[in-house]
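Chain naming follows the written order as A, B, C, D and E, and within any one chain the residues start at number 1.
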């Protein structure tokens, strides 16, 4: 059975014995075995579900007034009410959709633009590269938040998708820059040259040979952009640049702040939305860690086995290989 | 040389494009400064004043946008950024000069602290990967994941309003006149502490993460193992060999971050009522103060461009490999 | 089920025994006066790396030409230029005597259909995210057009079988990281073969592999040459393998050809001082005597290459002539050419007043040792 | 040596015992400012926006916005006399006043100031194209207008006077930043920083030396920062909208913290588009008017800061009392859903099975309430109006608009069905009514209107408003305004929602004497000519 | 500058005192429950002043052995057993694997120095080479910066590099120079053992020869012992005194260089040493080694070479052969193969005398 591998000369060792399908599957699932990534995915999953069904399962209409004005959490209102007696829990649940839609739309858009510009620039090189780099540099140097404010202010009744588009338009440049650098290094890799020498067309080289190798960076960039978009959107809503009538967590905070929630001691109005944002942001970051550790074999095994290592009293260190005498006789 | 010239041309073109966008953007906004002024006053300024103000800003005669563009460049090349509408008739340069040092000072120091702290911590966890120190990461990411304003407002509610440890707003004691005295410096520090603290808190995790990942990558380089094999003291291995190389990409992000400082952190300035260019720009946008907007954009743009160039240079300085060619 | 060193179908047959002399096989690919300069990135303007200068190279049908020389002497550059992966600075590439201008995509594709390249590093030349099937299917699709499914599958298997990755089903769905170095190199070769090329440019196909795997690849290539009459350019550091495998050997030094001839005689009787140094430096456990010792010096800078013979700074026999004039590649024995003033040639080339050097033995100069215990197998 | 920070313990009291050398900090949410003390510039003047212009320069008279019909208090002028048709004002300059550089103040200065306004239209926001001439003769100055200025008397009274001997040499008073201001006022500029201006008493002030040892005008970046400053006692006087001010502000120090409201005729109006459905039908306008709960809106959306309108004439009380038509005396808004429904039924409206209101044409009644996104109190008010409309079965929705679009397209061109907007303040109800329903301001839909956004057109009203402005005797004025009131009540061309009086917050920790509900002697805000009057009334708190 | 190296063997072959004894060294890769047992009880003795060659297929664990013996194995490497006894000049012995961190630091470079495969990666790209040589010296000797640099210059000169290269950065040096800088650095403290992991693989033959000669010359002068790891068997045969052949994490044969080349006793050694074409002399038929190396994570119970061995028998699958004397009881040779147990007849090609 000649199904073994040699990792002979590569410096990044590929784990041996990835031959059998079972092991391969296990390797794919490795990502899920990563506790951080798993936690992150669960968090995002919960919010995603809320985004879909939130408006239906919300206990009440987030716009419905009630006589319980500014009341703290109670059985009737789990997260209390605002100054008009609106139910805050419902606002958060209904608002999740706006946040998620904007975050992910902006993330996807920005990633697509970034990939298009960055990868093209990195691959074609020469004048085209300079032009595209200049373009992304321009977008990079233009101050982002003010730009968003200007653009968002320019569009009539800036709704969720407009905001997403604006965030994407202003937020793709950094990703493009990173991708360009990476593509530049991939472009000279032998397997790309080999594809060229084999007569592959440029677009095919880009999409089939280069892009898949950028997955990790793209994914990390995507996660980063989503975080950025969520925070931007919420900040925009908070400073009142975008519509504050569509519920999202930023709008809740806007109303809370406008109505002195903190000074009035209405923590239930201010805290939950902020914590939701933090939770979502952390979820995204954790997934990002997961991607990192999954893609970078160096980060992988210790990351996975940290607890096990502590149990065995092994401290992995550079330059001082741990010695455990398991089947020992001759220790001093 | 050719390379330098090419980079130079590249930056010039970028600058030109950015300045042009900066010029066009405000003009794409609907509305005009006068309407904005009236909107802001909500009845405090009599509507009959509209024409007077229009006259004042010289908005009564229409020049074609192309003409305006040419004029703008003409003025720009003379270092004249025009007169702010909002702070009429103070020249834009003066208005900016009044805010910029504060932003640069506070955000700059906070960024430096954040970078230093983050890099040191990142160095530590990167080197001791797999120990308890790794647990620090998710904790720090919490602070970078919450929106800054939220953090800032809570910090104010907690440290200023409730505990009264720090002032809630301003750049220094308002009864003081800026001067180079220890009292004034003390006041600046006292007022800057809370904003700086929150900035550091919310940005440090990025540095930690970046440095940690680079440390992990660099630690597995042969030269680090060689340094260990040489029996060098741990400190010199970590600092001289691992961190010294890991910090290279970190430094270039840092340089870029320094460029972004000039853009200010609008939200910080808003929340802490700190005088700075971020809030100035925000106000200018709100008031359709085209000249001021353009001025701020220009300063910020140039700062980032310069930082970009500095990043090129810093890399060349820190990494001998890029210094020489042949 | 073999892995690395499938026995050659014609065991023990030496290349020298090929139907060579007399009626040379038709010329397939040739380079005339090939030149490649790279601009130097950096502060200095207009400096270039003279990676390849005035190289003539002929590849005949069914013939293996080895290109040897030290690191950085321009071997890979020649291969890449020949594969049209980068434009030449000067000179001409001819396919069947026709100058090749592959400006347009269609021309380029027609060209790569006939000239294929195998890259130096089997770990880098396969995209880690694609399984073997993808890599080979693409190549088949590009060079043989769209095929019915089962025909395609058959072609795929046939291809794998040709490089002795048998049974094909076992390999076709593997990812590069699941293959050993030798297996990867075979996949790379199979990819090139899918085009049914007339010329194979093999850039150090074995340098990354250990001895036992090396041998398997060499035997495979030799078999291909014999069965398919492909012309092969074999680039290597390993002179012994050139002797073992190649019909002719061309020695490169600092971007110029310094010697060429049939492999056996080039390795057994090197003419150019550099070739002597090279052969003399190669370890050979069977002959510990013939060894150039104490030679010092490094390859010259290619940005400002030495005038005259580029080897002169390291050549113990160099005289003024070597330092000023570039020696032409002249016939020094039957079928052997060397670029060294030390061999008689057309004196019209020699500038007035300068004398030709007198060559000695490189081994004598760099102290060959008196024999120790003689190898038992000599 | 002074007050800072958030701990009130170190504020005032301890520093100075009697408080006479305590600083009075006045806060404004104006962001970063540039040094500019020009009291005439219509914009860009830090002195004007923070308010310290009004303690350096002084106006001719002090007008109490809360009681506009009371005689103004003489200030720099001892008297302002108008001719019968209110086209010529004769101003008598106070004697014994000197500029802070020692030069005497004369009527020449008054005439000079008005001539500046004539010569530099950009400075002339109050009387555009109406000023004809200004001359001085001895101790009086005569100012001539091209038309009756009855409704603008207050503006004249509030005009601040600048010294001729300095301003005559100013090349361009429009761009003059006046960094070393010379005024007649009780305070002198001591220092200026982008964050704060500090003023010290003018020892030679004609009204005697002021008692507040130091004024510090601080600029905060936004309302929230100012609110924090006010609630922590860092700033002791200012004005901003504080939601739930009772708890947020006053409760922090009930003994010292106060909020006072001035009067005036500033109101916020729900403009109804009289020319499109459904508001082109007076019945529906009336019905909606009957179900809107102004008290609730005032309480929830206006946090009680903006007093709800009670009088059916829309006039805020008590300012409007003097003008109230006798037939409406005591007539107050009440919510009457049944009455409204009855009204609608009478007008031919019906309801479908699901309770949706159908107009006489059988169409569902629905409308949009538009206001700029982010305008917290307006949007909340609209939300409450929406809910009120739902009680009638009308389907309403709140549509947040882009602020610029609202300003440029929606409001002036009439591209809305209903929208909240303010009116000019003014000393009489004329501005308020004119802004809502003056036919002289009528332009067709799609053209730019500067007022009367709802396109109400009624010649009788137009006539009455013109009469009020031009009349020379109180009786005809009263008659005219009663006509207007009648039409306001019967036609409901727009709905006044709440009054927007001048509100101010102040702390009596260190100084007392601010205008209060008990003693409403002036508009309590620090940004207006009344500031000089107020600071002169302040005395250190005696504890 | 010529051949003073007439005979590479130290004259006093008989008095072979061990300097580094690796006993039963076991190494795992991976911290999970399914680690790869990369080294399984490897024992090897290095004598003072000798050159020990280590050869074997890619991935058989040569580098691992060198790094594990110095505890420089990077994560996820784990030493799971064995001892590495170092004998100092004064005869005192210590177990490298049992030293405390401080002791180990102190001992490193003084006693055992190591030269890595890729010289480019072994030098810190941001420090000048002079400094890099000097800081190794200063970590162990209390000398000033100047002195250390002087010594560095001396060392560079010793390996044939002009001392003004001290101020160069690694990237300014050619591959051969960098490798020599590494050697100079390794010799800075005159260590007693030099471990060299493929020090010449990346270089062309001319450069390779120069470096090999340099090492030979220096060893002559300084008398350190060398472990030389390479794929280039021909080179090894030429320069090593003794060669150990590794296969799948075990040493399968250990014998004097010429002995093992001319009279291999293990089937794998035999195949390996006849897989390269000769440069001179008669062309010979080359067979190579069929099959692929085993998967270190899941080794069969018996001899790991069984699937590729032409002489495999049932006995080979039963248990793992241990390193022992050859069937011919030759002194100084040992082999791990059931063929030498005496139970079977040794095939002819492994039985040359």
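Rule of thumb we're sticking to: a contact is a pair of C-beta atoms (placed from the backbone, for glycine too) under 8 Å apart; a residue touches a chain by one contact, two chains touch by 3 or more.
From a predicted model like this one, the values you see are computed outputs, not experimental measurements.
In summary, the chains found to touch both subunit B and subunit D are A. Common neighbours of subunit A and subunit E, listed by label, are B, C. Two chain pairs, C-E and B-E, are weighed by contacting C-beta pairs, with C-E ahead. Chain centres computed from CA atoms place D at the largest separation from subunit E. Chain centres here are Cα means. That of subunit D falls 92 Å from that of subunit E. One simple way to say how far apart two chains are is to compare their mean CA positions; for subunit A and subunit B this gives 23 Å. Note: centroid distance subunit B to subunit C, computed from Cα atoms, is 56 Å. We define each chain's centre as the mean of its Cα atoms; on that basis subunit A and subunit C are separated by 49 Å. For subunit E, residues touching at least two other chains, in rising order: 57-58, 67, 72, 74-75, 104, 291-293. Shown for subunit D are the residues that touch two or more other chains, namely 224, 228, 231, 402-405. The set of subunit A residues that touch two or more partner chains comprises 1-2, 4-6, 8-9, 19, 153-154, 257, 263, 302, 309, 316-320.
Interface of subunit A with subunit B (complex): residues 36, 130, 133-135, 137-138, 140-147, 149-151, 153-154, 227, 231, 234-235, 238-239, 250, 253, 257, 262-263, 270, 274-275, 277-282, 284-286, 289, 292, 296, 298-299, 302-303, 306, 309, 315-320. Residues of subunit B that touch subunit D in their complex: 29-32, 35-39, 42-53, 55-56, 83-90, 94-95, 98-99, 156, 160-161, 164, 167-178, 187, 269-276, 279-280, 283. Note for the complex: subunit A touches subunit D at residues 63, 65, 69-70, 83-84, 153-158, 240-245, 254-255, 257-260, 263-264. Against subunit E, in their complex, subunit C makes its touches with residues 1-7, 11-12, 14, 70-71, 180-183, 209-216, 219, 237, 239-241, 243-245, 267-268, 277-279, 281-288, 290-296, 298-299, 366-367, 369-370, 372-373, 375-378.
Every residue of subunit B that touches subunit A in the complex is listed here, in rising order: 6, 10, 13-14, 17-18, 21-22, 25-26, 28-30, 127-131, 134, 137-138, 141-142, 144-150, 153-154, 157, 161, 213, 216-217, 219-220, 224-225, 227-229, 237, 242, 259, 263, 266-267, 270, 278, 281-282, 285, 293, 296-297, 300-301, 304-305, 308.
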